[in-house]
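By written order: A, B, C and D. Residues from 1 in each chain.
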């Protein structure tokens, strides 16, 4: 089992799985299931990391990672958006049960002022919150309208708040005591094909870094004391990743061996880190429009799970 | 001492004071001081409510209310903005002492998506936060650069979050333990001349409603457990207030007695509440530009108090 | 026939008509028809000014003014928005014929940076333009997809461009030679009930000022050399108008005669002009959300007329 | 003289010049001058294409291309921004003479809704336009305040307007007859170091494509009938360019000959065009903040040239 290329950063469990080769390659402690979803071209994958052995191999914590791939997610065809929204709601219900009976806090992570990072705040802007209404009109009102108890907050980023997302979330949770926290965040992908076309839902929360060990910035059941579901969409690819992938293709084309290729890649990554390519991100030209579209689709799926 | 007109809503202590007549009218427990500020046309007033008797008369809690009136606040003359910013920093230091030695949380209240209510979020956007840097680089870094320990958050409004501002603030405070909370909020004024031209600073925090008794939504030392300074700028006038003022002028002009005038006004207010005029606000046409300008001036004053 | 109160500013022909009293009051040269529209509470009015005598009485040019009143226009109920959009498309087709066979330029007037004035730019943002596609793929492409030849521009305001809207429009028309110009603009109403609930469509174009005589700033067939349809939504009420209406109600209540009332009103208006109430506008608190909603409804109606 | 690599897209004459090697390599018909500018690290280059031979070699039309390189342009240090603004104003005056005596139209190109393309509209938003004031208050007013006659328009992009920028510009020019048109546009660079750190000013206008021959979309004296100055800032790098540069470095490192390198690169570019990397752009994470900053610096330079 070859080492995954460390520098090719991705937040998608599915992409990590793909670095190990075809679907029939077996990884101990990791299950991969694929399915057709509703709507044209929609595909559902489910990566289940079952134990510590799988977690080590994948570099991600134990849990379930559902990926909805929908090439049309970034397009403005309303009927298509609606079918993705329905699929997302269905997958969420599978993972969390009936949300209408829960008290839920939705937390939008990310920087509202940086377009590809604004997914979380934009989703929160469109949510129909009910907690204050239920507190005003009572449980009868809630039963009658069959509403989840929903609160929501755009958490901001550390560079703007001076606080870690986890600190703010823990504070809000201590006051409002939700049963479930849903965090929404923009992700990084390895492949440009997945930009703005993929939604990942996971019951592991969010674990920056390797996801194992470093729990300081993790947003999960362990750190927050509440069940955490994370919904993310890859909106950027690291520029270094694109360079590496292109080079890898080229080297294979030229007949280099796998070892040589890895050695060259490592060298190029090292050089790129020293140069200004670090901290550059690749996004499609229409990212502003795409973010509006995708955030709306996600918020509609949530609103649908929460009410009616 | 005549009753103040209940329906003429204002958040400015200075305007409440003015309903009692000229400066030389004495109100027990209330002191009014006036001063020239730096910069063309800048005037400083200080209303000090000293005891319960003053609080009852004014309908506002005991404390100090500083008003900076600066007709040029809404204009885009940079040098003028700077002089207001300097004046605001000076008044803040008078009220709070040396902020560079404090751990401060700045909370922007209000709705980012509703222009005249976006003052708080806009101020927070421009702040230079340091808490995360100090935690990373240590107290030596802080001493060297003479920095306050600053964190900041845009709190959102209940219709968007489902939570009261106080709940979110209390949660954040419980995690980050600031010594001082500065809340920024858009206010309502009684007089259109004060729109976007006035800054009120008070050590009483924010007390929606009468400010006495109803502590459920108050953001003050009592409710938050931390010293609270509030900075506000009136950005709207209640449409009903404008109608009332205009009518009052007219009735006086016609020789009606004070009692008759009050009786008529009460009647008109009652009618207006029933009609659609309730929930309408009066703003100048250039409110978007004015909010950008004013929020920048306030954030610069805070940045100046916090660093350097 | 009494004089209309000059200072109560409205851009709605229907409101001017109402100043003359009930529907059965006859005005020479002016016809008023009322109808039910599709959708809950939707009402259609049609004011037709037939000749110079009607134009003088109404202070508006000869032509047809259709008003769609829909209390739900400002609400976010999608199905309701859709029914208004359908009604608007129907009325437009009645007035202009089959738009799919026309070459149309849509011009968004108003200031994008001032929320209640941003209707025009927001509508233009959501239009599906086709002119460049038809020029690239030819008339066959157009026939196949049954498309209007649509171009669109947000014209800006004189304070931002230094140019009159008419100058920019004339320039664009001279280059692109559309057969029909549709201008979109925010309007002023007299009554707060009509704010964000009313759409006016007229074949007279836009005539600032009295609309008769002063043709310098008019955007109409005479000034632009092309048929002009104007679509507008009242988004503000002059603060002076609200004061006047309130006072008028009060004076009637007190038993003042019509003449006395008019005399008092004129006096109050004169005073208000001198004071800072001039240039203040009354808008609902949720104007940002309402503008998003309404502009989308109008652009969908236009897209529907243009394609499919 | 080797062929420049066609696929490495750049709008900067300086970068094209650099593909020919060091400064002392001579290209017939092309002059390169370098200078220190005001402010820390600011450098001025001047590429002068003197004749058809130089134009062919460079793939850009005859004219002067001034580049201001200022690593701090993207930073928020106000004093530094000011010194760049002063330098830009100085270079503009050198190229155009005293702008205060001219009638100038500033045209902001680009898509307001796509952050890295919004430079033009953002600059226009901050300009102080005077044309309408001069028309209202007369030439005496202009002389007294020593003002240029300035108008400005954000032109939009073809996908939003259905019209070419040149059509709209020609139309506006035909109505308002400016003596000079200044177009502002976001550019593509070849090198990530130049992103948001470089301003190019040229008297050739804007020539999409090779710039020679294809005059259909050019915005220059020939197409518009008026002198045209273009100001641009590179805000994106083509993702394919980054891949190519990285690969080129790698191949050189591996000792491949120049010919082999070029052959491989051409192959990789061809592959990339077929794959999804086309239409991807590389931008820094803080592009939203950077655009605000840079557009303000440019508009201040223009305001300074136009008034006072």
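As a convention for this text, a contact is a pair of C-beta atoms (placed from the backbone, for glycine too) under 8 Å apart; a residue touches a chain by one contact, two chains touch by 3 or more.
From a predicted model like this one, the values you see are computed outputs, not experimental measurements.
When chain C is fitted to chain D on its Cα atoms, the angle of the rotation, on a 0 to 180 scale and to the nearest 5, is 180 degrees. Each chain gets one centre point, the mean of its Cα atoms, and the points for chain C and chain D are 40 Å apart. Each chain gets one centre point, the mean of its Cα atoms, and the points for chain A and chain C are 45 Å apart. Each chain gets one centre point, the mean of its Cα atoms, and the points for chain B and chain C are 37 Å apart.
Shown for chain C are the residues that touch two or more other chains, namely 113. In terms of which chains touch, the assembly is arranged as a closed ring, every chain touching its two neighbours and no others.
For chain A in complex with chain D, the touching residues are 113-115, 117, 192-193, 239, 242-243, 246-247, 249-250, 253-254, 264, 267-268, 271-272, 276-277, 279-289.
By the touch rule above, chain D contacts chain C in their complex via residues 113, 124-125, 129-133, 150-154, 156, 158-164, 167-168, 170-176.
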